[in-house]
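Chain nomenclature is as follows: A, B, C, D, E and F, assigned in order of appearance, with residue numbering initiated at 1 for each chain independently.
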Amino acid sequence: MKEGKEEIELIKEGKRLDGRGFDELRPIKIEVGVLKRADGSCYFELGDNKVIAAVYGPREMHPRHAQDAKMAVVKFRYNMAPFSVDDRKRPGPDRRSVEISKVSREALDPVIMREYYPKTAIDVYVEILQSDAGTRTVGINAASVALADAGIPMKDLVSSVAVGKIDGEIVLDLNAMEDNHGEADMPVAMVARTNTITLLQMDGRLEKEEFERGLKLAMGACHQIYELQRAALIDRYSESVDV
Amino acid sequence: MGLEIVNDIRKDYVRDLIESGKRADGRGFREYREINVERDVIKRAEGSARVRIGNTDVLVGVKLEPGAPFPDAPGEGVIITNAEFVPLASPEFESGPPDENSVQLARVVDRGIRGSEAIDLAKLCIEEGEKVWMVFIDIHILDNDGNLVDAAALGAIASLLNIRIPNERYGLTGEDTLPMRDRPVAVTTVEIDGNILVDPDFNEENAAASRLTVISNADGTLSGMQKSGSGGLKEEEIAEMVEIGIEKGGEIREKFL
Amino acid sequence: MKEGKEEIELIKEGKRLDGRGFDELRPIKIEVGVLKRADGSCYFELGDNKVIAAVYGPREMHPRHAQDAKMAVVKFRYNMAPFSVDDRKRPGPDRRSVEISKVSREALDPVIMREYYPKTAIDVYVEILQSDAGTRTVGINAASVALADAGIPMKDLVSSVAVGKIDGEIVLDLNAMEDNHGEADMPVAMVARTNTITLLQMDGRLEKEEFERGLKLAMGACHQIYELQRAALIDRYSESVDV
Amino acid sequence: MGLEIVNDIRKDYVRDLIESGKRADGRGFREYREINVERDVIKRAEGSARVRIGNTDVLVGVKLEPGAPFPDAPGEGVIITNAEFVPLASPEFESGPPDENSVQLARVVDRGIRGSEAIDLAKLCIEEGEKVWMVFIDIHILDNDGNLVDAAALGAIASLLNIRIPNERYGLTGEDTLPMRDRPVAVTTVEIDGNILVDPDFNEENAAASRLTVISNADGTLSGMQKSGSGGLKEEEIAEMVEIGIEKGGEIREKFL
Amino acid sequence: MKEGKEEIELIKEGKRLDGRGFDELRPIKIEVGVLKRADGSCYFELGDNKVIAAVYGPREMHPRHAQDAKMAVVKFRYNMAPFSVDDRKRPGPDRRSVEISKVSREALDPVIMREYYPKTAIDVYVEILQSDAGTRTVGINAASVALADAGIPMKDLVSSVAVGKIDGEIVLDLNAMEDNHGEADMPVAMVARTNTITLLQMDGRLEKEEFERGLKLAMGACHQIYELQRAALIDRYSESVDV
Amino acid sequence: MGLEIVNDIRKDYVRDLIESGKRADGRGFREYREINVERDVIKRAEGSARVRIGNTDVLVGVKLEPGAPFPDAPGEGVIITNAEFVPLASPEFESGPPDENSVQLARVVDRGIRGSEAIDLAKLCIEEGEKVWMVFIDIHILDNDGNLVDAAALGAIASLLNIRIPNERYGLTGEDTLPMRDRPVAVTTVEIDGNILVDPDFNEENAAASRLTVISNADGTLSGMQKSGSGGLKEEEIAEMVEIGIEKGGEIREKFL
């Protein structure tokens, strides 16, 4: 993925091409409870990423032999709309979305109090409507809020962001241009209150020290996102404003 | 089983209301829910529209890519219409390959656009027999509160009316916009105990035995029709449904296209 | 489908290319009970269309969670033999056959007394052996007779035919040449005794008045087909002649 | 469960009969049911035949289309044999992708035609390495009362013996008929409690532990063989089955091909 | 398969290209109990064929409606590793492997005392790691030993080998070169103690007399293989040597 | 249900042991099971290796075939990594298309090779934009006793380091061996009740809530990382896991590559 790309200067005069500093997030917009049929939902924008998450359940688990007698089974489906990327994506799951669905589910599992609902399923659906790199982290952020909106008991929210390396620098929250021409990408998800990492992937090439620095950068940004997630939920439930 | 009983109670409620001349949300029988059309919502798509009809929420994105024409129409572009009933949109939807409902929806929308010859397919030829524009119309359901087909068809034509042909992306030259020749609109009615209601919501759809989608054009001609559901319709009911279809289709065209 | 075709004169001196008048059906041949293993069956020819339908059931419904506690579930499978069309058709369902199966089932549902057999399945299989336009209507005609042959309680038979527009005229029962080069095609199914329409699709472009005229034309022809269906069943059961 | 018991009773009935030297329909052990072959029944196909053996009813259609040869045989046509066990034909058949029985049937029929080199594949080359005729042999089961493979193999060779090559359809010139070099015939026998029966019907097939299909050619050579079923066979039983295969194959070839 | 191949002389001075006589097997190597997780396993080499078989069960049969109330259901999966052949094989079952799985299962069924374990499944998995013609016979040999290693009660072992015709001669145990350029191929499986044939297929063209001679040749070789299978099992269990 | 209880007992056993500083097979927390690498075991493959880590047994085969490059990298070879969790290897594995675990394994191995740029893909170009070598890395699990990813990644790089490019087979000329630029090694650790263990066996994997695979290169840089499992990790735990990953990766590289 990182090979054979043309050389593009991604940092000019200490700023990234979209004007951001190295440790700056793209603009974020969060709306809670945007769908009628789902039990919980959230629309989440991060820069040009537009993502919607819905939660159904706890509900009956099919097939029965896949039920867990001691706790709810969380199912997570990450899906890209065909028009969400430059080259139309064929509908249906591919290997990439299968892997992302797995690690995203495992990023949320630690905070969901699954033991409250044995034998049931909690379905989390994430649709990427428009993509601009970092979609899995946006999906996790949206899903986390949607779970709360559905009233699923959680220990805390999960917040997620990617860091990466471009033009030799460790920077926060790559956009698609940076991701395509960068040297490394590292999505992270975290439970902010306890600083517990629940998703960690790395792609590309990093020095150990760069990795450690990147992880700290991501963790800091997760705290920022966490505050925005909380604020959106408080907004929704204190004022009961419909979006 | 429990769900079936709830379902029956809901059906009875809808039917009782209708018998007394009312609908759950207070609308008249020939009245649509509020319609909202937002265009160009997806920048990665060459055209897009988000259509809300009441709580029903459908996102349509259109992408153009060069591809090979069909052997029997070497000088024409290709339309491929696809609908995904993603499980996010409704507890009734399941993951997996398209089921008969999403296939039907995509095909009815597709038929309306083809029947009206809304897209001038000859203008989508890049090199005869070799390369033409493929027009991918992708219908993505976000929230299913009934009458998906009218929302999807409206989203499709709204997207198509504003296409930017991505010539530069593929190193091509040519017209930048897609000349459209018509604006087909789908209007769906249901029959419940002899009453004809336009724009059924989710509960009304479930309570109805028959549903008819009528697609009509700017000049009042018809360019597609599809009855669905396990009931039958009388000739005069169909006549009423077609009349509503043409009338409401005109109003929607006027207002949103 | 209707675009880009070459211009062909389909009507000459008030007659269609195969010599028929505007309101004339192609020749029909019906045989009842042609298969041994099926519970009911019917072979139906309409012009060059050769179609066979079989009915199995009421029988156990699999999977169980798809059972209906109050009535039989009708399943309908429309399938084209690979050699039934000029360009070999790949075996297996495609989007067209999925849609046709759905609307055909809904065309038959209204007459089947499904409430007699709760929790069961009634399987209707239609095989198109040779195709010449209008196959779905032939399939419905054949299935309707096969259901009766299987002894499934029905309020009445369902009869079906298409009308269309060629060279500006509304005509009955298009053949493949007319369908390929015509302006509109409209399959209709009807319960003859009550004039209830149970299938209605339209493809192409029609004036409202043309549509109404076409519908009437189709309804009249359905009455003709209904008589032939009845006669075939009476033949079969009064004389008990094996075909 | 109930079905299994019925099945057991039926098996016992068949086996009791056979022990007393009889078959349910009165045939001798080396006797076929009535065979009926109707050719050219499907006008859309380049060759076709409907074969009935008793109540078993199989329709075979052959289509020819130009396509690319296999890289390791650039000058030869391609045979593709496919069998559909459509659920119309038997309560045992289910919708869905081909199961092991239909795959086996298609492959055994295919093997007989290949083994006998019945089709002169070199004559099916249109342009070496580029374009050859693809011969699609599609086996469509209509009614399954046992011994599908003999009916399918007979339908396949009967269809092939009368092919019209659709040159004009594809703007090509060349020979109009397909020169055939042999006429392989499949003959299936079963072993039930030490007795060898030819042409098993559905109940006999179920009662038998082993089945052997023997495909033989005009000159008495063998061009395919397949044992199936969860039983075993003795060398002398196989010898008898092969002998019956060649003898009955000759009779069928004589009469129907 | 047999058509259009180039002519290659496969027999020179009464010997085959790999130096074998007409009735000579390739070298055989058998190892029992080579896998830890499986209930029984066997690694089997025949010339350049490298095959491993594993047996699981008797164990619960899924789905339940496929259970047999009177006996165990044997399931057999023949699978080629993508790198086992010169042209990479796409992963997953194809028509060839579906047929081989069926006839291989039916080759083993006669010796497995299935009635001891009603309602259960016995799963037999064969992986072709390296292929050099005759893989199905190697798979049956390996599976037979793996079944014994798993402690499945059997009347006897099953032994299998192919015979074929090359350069007009009936020879034993074709290698890939001989199979590709030969005139006929005939895999056989047999219960040695009773001389019962449980697999018999033939591909190509043979005189009746050649067939009979070939069958006898195969049967003789099955006896040889049977002794090697027994020896491998005795080795394993008498000395309890881990391989 | 019975199985779940056994599973719980096994988990408790593993955790109790670890609490007392021990592992079931007597290893230290930072100790691998015995590793065995056998190269060139499959002559049909251009490269192959069988890796055993304790009872875990993985066979990797690499095949090279000419194919078309990706449009966005016309001058580079293509790597396709695939893992089959064949049901032979574990009672937990089922027949069917790759599940999420086998997809993840293949993608993590692939990522390590790509991230390190171990293969010089530009050297795999045969004809720019037209034909390049496709490198198929097929991971075939034979026995699953845990830590499949380290075994698979080691098998992949061991296979790649010894590739014979099959030029003659396809009538091509060019270099015969694949120049490799790095030797990435994957090292997996798990966290169980605050303890970090390297190279988990099957029971330890099941008892662990979180697992981290760290892929490192000859120069100590990282070229891939993947956390899996339904637990969380602390920053200092990750630091320890990365440190172990680099250290153990170095030892394995030294000894086996």
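By definition in this document, contacts are C-beta pairs under 8 Å (C-beta built on N, C-alpha and C of every residue); 3 or more make two chains touch, one makes a residue touch a chain.
Fair warning: this is a prediction, and the values are worked out from it, not measured in the lab.
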Of all other chains, the one whose Cα centre sits farthest from subunit A: D
Pair in A-F, E-F or A-B that repeats B-C, with over half of contact pairs matching by residue number: A-F
Centre-to-centre distance between subunit D and subunit C (centres being mean Cα positions), rounded to whole Å: 32
Chain centre separation in whole Å, for subunit C relative to subunit A (CA means): 51
Contacts with two or more other chains, residues of subunit E listed in rising order: none
Shared-contact residues (touching 2 or more other chains) in subunit F: 98
Order in which chains appear around the ring, subunit E first, subunit F after it: E, F, A, B, C, D
Subunit B partner contacts - residues on subunit A that touch it in the complex: 35-38, 48, 50, 52-54, 56, 59, 77, 79, 81-88, 91-92, 123, 125-127, 129-131
Residues of subunit C defined as touching subunit B within the complex: 1-4, 69-70, 95-96, 98-99, 101-103, 105-106, 109-110, 184, 186, 191, 194-208, 211-212, 215-216, 219
Residues of subunit D defined as touching subunit C within the complex: 42-45, 48, 55, 57, 59, 61-63, 65, 82, 84, 86-91, 95, 97-98, 136, 138, 140, 142-145, 169, 202
Parts of subunit F lying in touch with subunit A, wherever the complex brings them together: 1, 4, 72-73, 75-76, 98, 100-101, 103-104, 106-107, 111, 114-117, 121-122, 209, 212, 217, 220-235, 238-239, 242, 246
